């Protein structure tokens, strides 16, 4: 499912957070949204998910304007993982993951076999099947993050928007998650992730969107976007994209004055 | 969602059915206890009259009002994501009582019987909106309680004022009725008028199950799951105002039921806010019915009002909750 | 009991300076208001309470209309520079105390609990205002009307005065004495009353009185407490048996006007169904 936005302006309170941003994410691709703090990455993802209304510009999903989608239909097609790992009540991991099936369940319906399959698959994918019965309040930060990601996966969406999915995860789980996201993309879904970790973005994502102060600075493959000049201009660092053992890595040498 | 058998070995669905059975039992008990002990101390026409005009309305009222208060408490806690929320603590019951008192004092309920529950409804709605405005959309648990306290205080002051200014020689005793509640000697007619509003409000609140479950993940995630938050908020406000407003207009303020019942039952439904709604409905009905029976049993020795009884249990519970919440926020 | 009250009344009359015939009299109690208005000339009355002109609770509202009104606190009372203050036993103890310490002559008239007590309170007020003869005349009129009542029925039929909130007049009260004087037996003793003196509706329908007396019209008071007066059980009792509306004002205070109440009650007893 193709996600597009043109000339996106979003205002939060009095501040204009997104200033005329263009964005495209294609099916079968994993797109990374990168940029320094305050660039507007979270706001962009929220706008794409339909959580904030743009003051100008429009978002479309699969060619149809976002406003034209009924909320449940949109929820079946698009899953959003917020940056804040919120679970207000001490539900079991499985119950949290099962919340991802809500858009697929008619009012008052219980769990269907399709639901069970999706939930179990998500639990396995995030390596938390053994934690299914444990309340999320009794889990470590990393475990809870995996539970919440599993919830988004259980939605079986055509598009997945994840805001900082790997924050707080240890390296093995980071790689595991990205492995799974790559598989999703290969299976034809659209995956958009907002990331701080430039190396991960370079390694796993087909396209990178570099943002600064609400605008897009560069779009394209890692080599085109993560140039010395861009990194210096946007992040104020002396860094370069290189390969170590065939794996792309962004090495940060210094902070520039 | 597939139900996990818990320590009871029963799926939550069946646990709720058990709670419903408990409420039915409490209802039966309430029908059979009177001022002279078990059974009805009369024969023939008097016996039928007592059953139809005294026992039955009182039991029905206990079930409806108790269910309303339990359900409203669970709905408020789920929606506000705040374990301290409850209709009387958040000022809604106070607003409802004020609306009802004004409906009586201005003679409106004399012209039209329906004016009484509508007064309660209007008062409850205004109180809710006031609390939401004061506490802000993202107020924490304590801010909400403070706002609720402010609204309750204003409501109580205005009730005193209204009664003081009235030509009513019974003003001080009437104040006691509103502040401490009573299920006694309400007629079936009053019930017929208020019950539809209570049922409508409860029905609205029960539709929130899905939204409350989704809100476990926060507002953004809930919206992304297809929940319409503004419609949810409307349902919470309308449902609570209707049910608590109509209930308080008939019985006066009965507090703490909506605080205690959801807390006691939360474990039983594995913390799921959606399931907690019907559970608290039956739990609240049971609690109030049993409390009312207890009142009648001890009446020869001590005269208690129902609101006092629920407060005697509820206020210490509330203190314990506050301490627990404080410990969690700032350990 | 009556003798004790009479003696007490006499004792009170001698506290402070006692004018033989006071000309600036203030009354602080509804019951003393009514006695004062009956016994003393209007120009000797300095002030009465606002209740005296209230037709809901006063038996003589038209006579009290136009008289200055006091709300009972000491400063207000002193404004009238009274040479006699009449007070009841409830609610004004501190005011009475203050007035006495300021040297004012205060007569406290206890609430009568029976007919002897009524006579004693009339005498107490009459003595204090210097109209003893008029007081005796009022008492004579009361006694004449009482003796003209129909003879008692045996056994006496039962009656119950049922008020807002389910309160009933218990034994040993003035209302009880009025019922007895009219030849009824007060049924309240047969029920198990709550602490606040209320009879549960269930008991009322199980053992109904022969006559149900309501102190107010069912819609008279705007209060949730009056819901019991409109309860279907009360309405059924009224349809089924005899009931009577006997307004408060006739029997709230121990004045000779309660003879109106007694006569009405006696008539209902003889003639059967009241309304």
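Read from first to last, the chains carry the letters A, B and C; within each, the first residue is number 1.
Throughout what follows, a contact is a pair of C-beta atoms (placed from the backbone, for glycine too) under 8 Å apart; a residue touches a chain by one contact, two chains touch by 3 or more.
Keep in mind it's a predicted model, so treat the numbers as computed, not measured.
Set against the C-alpha centre of chain A, every other chain centre is closer than that of C. The chain occupying the central position, as judged from C-alpha centroids, is B. Computed from the mean C-alpha positions, the centre of chain B lies at a distance of 43 Å from the centre of chain C.
The distance from the centre of chain A to the centre of chain C, with each centre set as the mean of the Cα atoms, comes to 83 Å. Along chain C, no residue makes contact with two or more other chains. For chain A, no residue reaches two or more other chains under the stated contact definition. Against chain B, the residues of chain C that register as touching in their complex are 57, 164-166, 192, 194-196, 200-203, 205-206, 219, 221-228, 230-233, 236.
Residues 34-36, 40-42, 46, 49-50, 53-54, 100, 104-105, 107, 110, 166, 168-171, 173-174, 177-178, 185-190, 252, 299-300, 303 of chain B touch chain C in their complex. Residues 1-2, 4, 81, 210, 213-218, 220-221, 223-228, 266, 270-273 of chain B are the ones touching chain A in the complex. Only residues 46, 49-51, 71-72, 74-76, 78-82, 84, 86-92, 94-96, 98-103, 107, 110-111, 115-116, 119, 133, 135, 148, 151, 155 of chain A touch chain B when the two sit together in their complex.
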